[in-house]
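Here chain A shows up in two complexes: once beside chain B, once beside chain C.
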Partner chain A sequence: MANRKRIVKELSDVTRSPPPGTRVQLLDESDVHIWEVLMDGPPESVYVGGHFKIKVTLPTDYPFKPPLLSFTTKIYHPNVSNDDKGSMCLGMLRSDEWKPANRISAAIEMARNLLIAPNADDAVEVSIADQFKNDRAEFEKIAKDWTKRYAGKA
Partner chain B sequence: MAARGLHTVTIAFPDPALHELHSDDFEQVSSDISFEYDKRDSIRTLSTNTVSPGDDVSGLLYVPTLPPDAITQCKEALAIHVPDNATTRNNLPEERYELIALAPWLSPTCTLALLDAVTDDPIRAFLFYIPNDSTVQPPPMNDPSWMLGENGRWKSRYRFPVYALPGMTGSILMDQLDLYSGNVSQVPYGPQLASTFGSDSYVRLFTIVDTGDRSNLPSLWIFLLIVLGILIFVVGMTSLAMHLLQRRRRTLLRRRIANGQVDLETLGVKALTVPRELLDQMPVYTYRADQRASTQLPRDPEQTPGNNLLMAGTIHSDPPISSPTHPTLAPITTHHSVAYSQDTCSICLEEFQPGTDSVRELRCKHIYHPECVDQALLEISSLCPICKVSALPLGYCPEVITNAMVRRERTIRTMRERVAAEAAQDQRAGRGHVHRRVSPLLPEGLRAMLAHERAVVQSSPMPGDVELGAVSGQAIPPAGTVPRQQSSDGCPPDQTLSRRERGRQRVLAMLGIQREAEEEAIRRQEEERPTWRRVAGRIFPALA
Partner chain C sequence: MDSDDEINSVQSSEDDFMDDEDSLGEDFDAVEEPDDFGFSQDKDIKPRKQAYEVDFKVWGPGQIQDQQDKQVEEVSAVIGQPTESTAILLRHARWNKERLIESYMDKRDEVLESSGLSEDKEGSASITKADDFMCDICCEDGKDLDTFAMKCGHRFCVNCYRTYLASKIRDEGEAARIKCPGEGCERIVDSKSLKLLVTEDLKDRYHELLTRTYVDDMNNLKWCPAPDCTYAVECGVKQKDLTKIVPTVTCSCGHHFCFGCSLNDHQPAPCMLVKKWMKKCEDDSETANWISANTKECPKCHSTIEKNGGCNHMTCRKCRHEFCWMCMGVWSEHGTSWYNCNRYEEKSGSDARDAQAKSRQSLERYLHYYNRYANHEQSAKLDKDIYLKTEKKMTQLQSSSNMSWIEVQFLQEASQALQQCRQTLKWTYAFAYYLARNNLTEIFEDNQKDLEMAVENLSEMFEKSTDQLAGLKVEMLDKTSYCKRRRIILLNDTAENLKSGMILIIPNS
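Up next, the complex of A and B:
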């Protein structure tokens, strides 16, 4: 079970020194394959003040397949699918670009950086991406509103 | 079927009782010296029992005789319409020649008596006529006059067909039957006929009922069969041609794979795994901190004291397998300085312990713990987890090359050629047309991939320098190979790749972005495909 050994190692590393503004824990202590990440909205982003929960699911053939990131907290973001899954799939999280050398902490950091700077060119929510590009003020207004409404509580 | 006409001729045949000859001696008497009568139309079919169009309904014409115990009125009624000498059964040979009966349509009782009277005769048809001078067609078969008082049930009771003639036709035939009933000498032109056919011959009337054209329908069937045959032939030839073409393409692809010009997995054509026997041939050795000391052969037993994994590998790989499709790895005689510059296994993220950890080295010189990488190579992908270069030997070809693989490889190749051409064009035009339109003919997925690829090509430092497979005609390393020059310095391979190589890999990575999703989609599509489409795909491989 190289797989489990690695996950435990990564978990202990990330718990010891989590990426800024995040906290990582297992959703269920008995299952190392599902992590829960609590991420504060980065101060330099429109999501400031929000507390987002991200579920990280590690596939059985991790680290050969990328982890799955999904926002369980509703968020208005071009790269997060606006459905009950809230999945985020771009960059290194794509199975073709994922390399086993990548760490989950890097994926979490990427998610955090996307909160600061959404990638409208590789969006899942095209309408949000359009708004982000063409009507930034309106986008920010809605994003802040959603943050207050859905991610207000810690 | 309905009778279309009636043809009555005079025939002469020898008396079978005298000559022991048989019915094939029938001879038609020339119409110049005998009776011949043709009636088209105006024949009404009352029942068609057992007769189909084209059937031969013919026989000697005669008038049935009521049995002696028949009702007197019927006998009298019949006598009114039938001349005294009209041909009856008695005027014909004993031989059971086929017969056609002719009688007037009388009262129901008498008509039924007539029908009953012929049931023992070898009768082919019964002709009735309403005794009048009418020349028009008798009333239709469901007319009350044909019901015989029992709602027409009589029609199904007799096994022969029944036809109705106009009254005039019936009278004419009846009068002729009167003439042709006796000896040859007594019939019209008797002496002449007697000299021709012999005085003991029979000269009688013979009637042929035209039951329609048999050849009409069959010819339609034959026509349809011919059309069907041509169709099957054309389909068969097309299918054959397509199969041959696909086979040729498969062979070509196999050859190109064997020559190392194509790497199916790197192209994203097919996910490959490493077969166990090839995995066992890949070098495993003990990790050493000292770079210069590491010049041993991977399977040197001295270098692997007490390493079970390595032992297992050694046992499995003996004897080495070599076949055209499974070229053996070249013996590893080079030093492992490149490999040793990696100090961590990227899969378990643990550092290699010099002297104790055994490592598996892939073709690209990346090393991993065997226990970390082997399972992945066997089950998930043959690509190196770090640099995505195939761990399979150059020219390794999977057993089965499918048409789908051929198609995919062709699509990707065409696409790359187009992208390269456009990129070159764009560059010549001073990158003025970055947003060239993608051909609208391309499927959505390919268009997206194409767009990605173009973006990469154009954003790389020297777009023209990016290697794009078959496009640049120079001797370029095929997809999946790693330039050799990198193994001299001490950096990990992925950092020493030439710019060209890196550009190429980015192209590949971009190209393969949706590979898995697509494969999944294709598989699902394959499963959901209706049976007829699957069959069509079998027959016409190009349609699949």
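Up next, the complex of A and C:
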């Protein structure tokens, strides 16, 4: 596979020096196309104290197509779809904005930054985004509650 | 008819490249343009354009390419940039020549920067081998690796560059605005670099896409929406004029469509009413309308109730409120006249009754127009079946009556006229639904009635057997031209009134 060298290099780079607050591993040692990211809720965010699992799926034509990020831990967030997929699709994760020179670590960092500062203008969950904009207290209450309920255990 | 001149002037002032049209294939002129030789009587002899018609011009794929090249050359000469860069600048400016030239003269560096043409790093756009190189995409390295970078200096191996471009062109249909694969780099891959890298099989697709974005970017060009049609139509009618003009154009492939919304010809109804009407027809709002016409709400808890028995004594299943279905009043007030409500004038239920009546009335009004609209749509389909059989009839007629092929053409002509008139009639009903009543509406309805009668008369003749048809030729020709005439009268009248604002649309209908 032509892209194997790139993926292996990225994986070794990211395991050696992962983005702050995250750990990266393969979900299944035999498949380099599916990664598992363990992300601690950033201390400056409402998700503090939570431990989130993110599945990163690399398409067969990676890096020419963007990786797919999905939260396997339930999370209350305007940019994460509130279904069994927990998918995220914005910024560099969109195929028209993704550049083959972009790295997965950058995508992970972007996800982490979104936990700190959700992007309500490019939301997948419109009602959560509205609440985030207009009733911040209620949003934070639910997000904290979900964090405790679903992301409590490491 | 000053209305014609208005459209003409709008067009000629907006379309600067119309001046150059002489060199670009006169053959595709779909509208007869008067050849002005300076003899004023020439103009009088020419058939005038009808009030409902607009000027337009059909362009073939080669002509669109020429048009594009010509504009690039022109601007290139003015701003002194090579054609490759000029093409990028023009695409970036969405082909607004004037604005591009102006802003280029004003703030050259800024314009170059935003189009991804800034010259920040030196370097030639060619395929080279580089020392000490590792491709950031595939992580391959080696002295023998062919590499490529544009002026931005983001160097990748040629294989990755190619795969990247191929995936953009093939999978995403991008062409004019593909960016350098480098992280965060906004530089746009120019066509020279593309020529160098893109494989032969993708070149055609690339050029097709470039042309496509050109037409998409131009406000006065639209692709013909007919399947597999490669022509584009040019028309000067602006988006803001669409409330007053219904710009139906005809492509060289024969397809009639609205330049405003690309839907099939919907004269005389303007685009926004068509959109409204189609939404109304497919919306569930009509189901809701049925509900409000056939059900009533419990006066106390407002649950929706459908009466399913004969008795007027209703007991709401939800809140156990007892009331009379006829007058909506409280049942206990009915005194002794059980099961026979004679309290119609009582105030207690009159508000509820008013709401019911209004809803029923609006539903009936809608259904009146919808049924006629749907009927013509259906009939047009049936007429189309007949049209398919017409050819068979034409051959039969030739053998049975010694008529030549030319002589039986009247059948086809009649069939086509029928189709077109039904299409128009169909939309007159959608249009009428939104019309506020005044004396013009009456004229409109008279025109509508006349056309409808003419159409039905002609349609009836098609049901005659083949041996009768030969004898009916003259009558059929007459009826065909009468239909066409009625249609033109209706469309002209409506177009003129629409333009002058004499026709009033009911707000929020």
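Criterion: the second predicted complex is superposed on the first by the 154 of 154 C-alpha atoms of A that agree within 3 Å, B and C clash if a C-alpha of one lies under 4 Å from a C-alpha of the other, contacts with A are read in each partner's own complex, and residues count from 1 in each chain.
Here, a contact is a pair of C-beta atoms (placed from the backbone, for glycine too) under 8 Å apart; a residue touches a chain by one contact, two chains touch by 3 or more.
What you see is a predicted model, and the numbers here were worked out from it, not measured in a lab.
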Combined model on chain A: chain C and chain B, fit or clash: clash
First (chain B), second (chain C), both or neither touched by A:Pro100: both
Which of chain B and chain C A:Asp84 touches, first, second, both or neither: neither
First, second, both or neither for A:Glu29, with chain B first and chain C second: neither
Which of chain B and chain C A:Phe64 touches, first, second, both or neither: both
Partner chain in contact with A:Lys5 - chain B first, chain C second, else both or neither: both
Superposition clash, chain B versus chain C, among 81-89, 369-377, 423-431 or 441-449: 369-377
Doubly contacted chain A residues - partners chain C and chain B: 2, 5-6, 9, 61, 63-65, 95-96, 99-101
List of chain A residues in touch with chain B within their complex: 2, 5-6, 9-10, 61, 63-65, 94-97, 99-101, 103
Chain C to chain A touching residues, read off their complex: 136-140, 154, 156, 160, 163-164, 167, 171-172, 174, 179, 181-185
Partner chain A, residues of chain B touching it in the complex: 346-350, 369, 371-372, 376, 379-381, 385-386, 509, 512-516
Residue numbers on chain A that touch chain C, as the complex places them: 2-3, 5-6, 9, 61, 63-65, 95-96, 99-102, 106
